[in-house]
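Next, two complexes with chain A in common: one pairs it with chain B, the other with chain C.
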Partner chain A sequence: MAAILSAARGSRRELALLSLLGAALFFGFWQMLAISGLVSKFVLPSPGEVLIAALTMMVEPFAGNTIQGHVAASLGRWAMGFGLAAAIGVPLGLAMGYWRLLDAMVSPVFEAYRYIAPLAWVPFAALWFGTGIGGPVMVIFTGAFAPCVLNAYRGANLVERHLVEAARTLGAGSIRVMAEVLLPGALPSVVSGLRVGAGLGWQSLIGAELIVVSSGIGYVLVQGQSNLAPEIVIAAMVAVGLTGLLIDIALRLAEARIRQRWGQTP
Partner chain B sequence: MKPKTAIGLATVLVLLLAWYLATDVAGLIDRQRFPSPGDIWTAGAQIMTRGYAGGTLVPQALYSLRLVVLGFLVAAGTGVPLGILMGLSRRFEALVNPAFLLVRPIPPLAWIPLAIVWLGLADSAKVLVIWFAAFVPAVINSHTGIRNVDRTLIAAGRVHGASQARIVWDVLIPGAMPMIFTGLRLSLQASWTTLVAAELIGAVLGLGKVMSTAYRDIYPAMIAVGMITVALLGALTTKVLDLIERRVVPWRQY
Partner chain C sequence: MSDIVFEAITKVFPRGGSSFTALADVSLEIPDKQFLAIVGPSGCGKTTLLRMAAGLEVPSSGIVRVGGRRVNGPGADRAVVFQQFALFPWKTVGENIAFGLKCKGVPRARRDELTRDYLALMGMSGTEDNYPHQLSGGMQQRVAIARSYAIEPQVLLMDEPFGSLDAQTRMVMQEELIRISRVNPRTVLFITHSVEEAVYLADRVVVLGRSPGRVTDVIDIRPVREAERWDKVASEEAMEMPGFGHLRARIWRQLRQEMQISRTVAEV
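Moving on, here comes the complex of A and B:
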């Protein structure tokens, strides 16, 4: 992917300098806006104030816990919801790829489900499973489920049919074919699905915590908002972004390793 | 009818029947928690005629729809040009990327509290949040679309003496169009998710307001009515976008 317009190509060093300039402009503009007095401190705190708020929250509890504690609470919920979505979604997707009948039966229901925004499940989740652990876990599940199923299904469809037939001829049962032929064959696709699902699950969790929960990083956002403390809100936003980024990097590394070992699916 | 469609249709009908029998007829499921088809029908009729949570269904739905369309248009109108510029010029990309990379990992929903601090519960707060949510996919896909245009086509344009501006206008932008629309479809989806969340958190009117009121009243059938309406509107707006795409990108293979 070389430059398209030669005039705008630029050398590597020039581009690095421009990137530095861009970052400096971003923070500089923010800082200027904050100290200029054009906007109130209760609207936009300076980058320094956000940093101080973040460091303070790391040692002094806010809304019942330190910021690490809140992130850990959120991560625990996320792991449960995402684990459940993967544990149900991947086998379902593989089974849909294996049995045409199941595919025909589940597909329309699944299509209808996909049109419902994950966050729209929040009221039902709270009604059915409460606002403690169950409700948020269900919201994360609804967010992460679709990509888990879809990618396992697509991956299973990409596995060469005669491999499946060979395994069957040699006497493997359905479960064994799915576990030992379809799953390894579909693995690269499954892992990409898990990565997408993990991201969507994390986003849905934030939504659920904003609406109903009384702990976790989403709750810090709400508390910062009702205390009219935008520096706390922004610090929590950064924490949310960083955690999501770390989850994504971890899964990207896993994905790269699996692709190396199990090959590339288109 | 293809056998696959027939089986699918049969499954849906069986499920609906089982649901009806388990709730309305046999009463096996607690209707305080899980609504029956009859309950949903009643709730639907109630909101259509007498209204619920501050209005009848049509104004509530139009209110939400208007905010989504507004936020989506602002996001598409800013995100697509930015993505195209980033795709065209590596210098511009290098300049803008740091800010973009800092903002990108933050989930759109996390902007909601900040938007409330800034703008309260006004419509502008929701449009702002939808803009943030829908902006990122629009930028990324437009950028990738421009970068992925077949270089042979660009070279061919040059050989035939096209100017830079013409190459951009007649080769690069049409070449990126399919990718741009993929991004817009993701943007639209993000717009709906974000709007629902924003309205659940705080709103005066709209489908999210219907759902949060129904949750407080423990009225599951009305929650379901809200969900179904959101899903239908989401499907409808996606359909409209598909039609526009067919118009704008008639050469795309389906």
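Moving on, here comes the complex of A and C:
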């Protein structure tokens, strides 16, 4: 039993080695497929070509900017859309957890809204904001909003009733109850919601950039396609993946720290 | 004047398709600075009464007045001590006690001063920077009591405050509460299911019956307590005195009767 457990758990180093092995197998298979001549280089460029394309774009502008410039443009839009979703979504979720009437009023619309994919908002984003900054920000917002609201709401519902009642009998008004009781009580759940929202927002952003703007990493994807440069498309995809991963790691670290500090709820 | 008056309180809860009468026409008066304990079998509505005084529950009919003013919603003039302590786990002991003062708009320097004073009153000086989970149950309830006293409420509402403590801690806390109410007398409504606790702490004990909840007996403890001088001896000695024994037996008889009545009702 102990042997099974320790094998299942694995040491840190064993797990790291396995991860490396997995990556090596993936890239090895990709490289072999590319050099075997089975597929044309216009269908699938090799990892080496992608790396060269990425490095080139880091110094030579493509579609108006370097690749890091495009990533920065995308990150700026993401930060705005996500920030807006968090700033509106978390208080709304907490308020829904506090006032049953608001919950009853908002929930039906919200439940339907959250099944509409962020990309479905692209036509409206284009209609309302044209090619300005508002369009992509709106699409990111629609992607990040639902998890922010839902997790704040669920977190607020899990806060012990006695704490809310204690605060009210000590003379706290609604705003103070939400800020000083529901928010800290729901914080672990709120932060999980922010993490999911950040990821969904980032995914929706790329979709929005395919359509409505002329900068950013999604735009690089489209331009790579129309220039018949698949290595650029893949390089952009890698940049999207890595940036998303970095956002997630940063938020995971924040989440772990908050859970550590807030974990000792009785 | 900070008295608590329940005027013809009835509380009906919807239960499934029908309804359940938790309290039927309960009238009760707690004069200024009196310590009143309510005992009764579970389900007799004693906690509901307290929650109505706190403004956390609304009577189906009847009026609750505190200090002459009709209760409609929670307020800092009526502090509640909960069985589950209800300390904010993310706030330190000091921040917990200061919370109500902050709500009142008391300036910071005065807040710190009051926090220190009331911690000292509870014999817990120097624990300001601890988090609740670092304290034992008894200590946590001391903090909760200090938090309630600190806002200087007109009345204190205590809902089985020692119910989740072990027997020894409970006894220490009872003596402590007697000591504090001597230093800082308040109107207190105290809910408990311990007959000893009620007799030992209260000026008057109210026995509630159930199905529906109503007042079956009101016993004045003070004459016996003063005659036998309970406050001059340790609590376990007070509980062995003949007067204490008589009062305890009288309340137990009431409770036993109540339980038999409701059993008969259930069988019918």
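Rule of thumb we're sticking to: the second predicted complex is superposed on the first by the 239 of 266 C-alpha atoms of A that agree within 3 Å, B and C clash if a C-alpha of one lies under 4 Å from a C-alpha of the other, contacts with A are read in each partner's own complex, and residues count from 1 in each chain.
Everything below uses one rule, namely that a residue touches a chain if its C-beta (ideal position, glycine included) is under 8 Å from a C-beta of that chain, and two chains touch if they have at least 3 such contacts.
For clarity, every value in this text was computed on a predicted model and none was experimentally measured.
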The answer to whether chain B or chain C touches more of chain A is B
Could you look at A:170 and tell me whether it touches chain B, chain C, both or neither (first, second, both, neither)? second
Looking at the overlay, what does A:180 touch: chain B (first), chain C (second), both, or neither? second
What is the contact status of A:108 with respect to chain B (first) and chain C (second): first, second, both, or neither? first
Looking at A:59, would you say it contacts chain B, chain C, both, or neither? Reply first, second, both or neither. neither
Considering only the touch criterion stated at the top, classify A:160 as touching first (chain B), second (chain C), both, or neither. second
Check chain A for residues that touch chain B in one structure and chain C in the other, and list them. none
Where on chain A does chain B make contact in their complex? 1-5, 7-10, 14-16, 18-23, 25-26, 42-43, 100-101, 103-109, 112, 115-124, 126-128, 202-203, 206-207, 210-211, 218, 221-222, 224-225, 228, 230, 233-234, 236-238, 240-242, 244-245, 248
Which of the residues in chain A come into contact with chain C in the complex? 160, 162-163, 165-173, 176, 180-181, 184-185, 187, 261-262, 264-266
Going by the contact rule at the top, pick out the chain B residues touching chain A in the complex. 3-5, 7-9, 11-12, 15, 33-34, 87-92, 94-99, 102, 105-114, 116-118, 146-149, 151, 154, 164, 167-168, 172, 189, 192-193, 196-197, 200-201, 211-212, 214-215, 218, 220, 223-224, 226-227, 230-232, 234-235
Touching residues of chain C toward chain A in the complex: what are they? 54-56, 74-76, 78-80, 82, 84, 86-90, 99-100, 103-104, 131-133, 147, 151
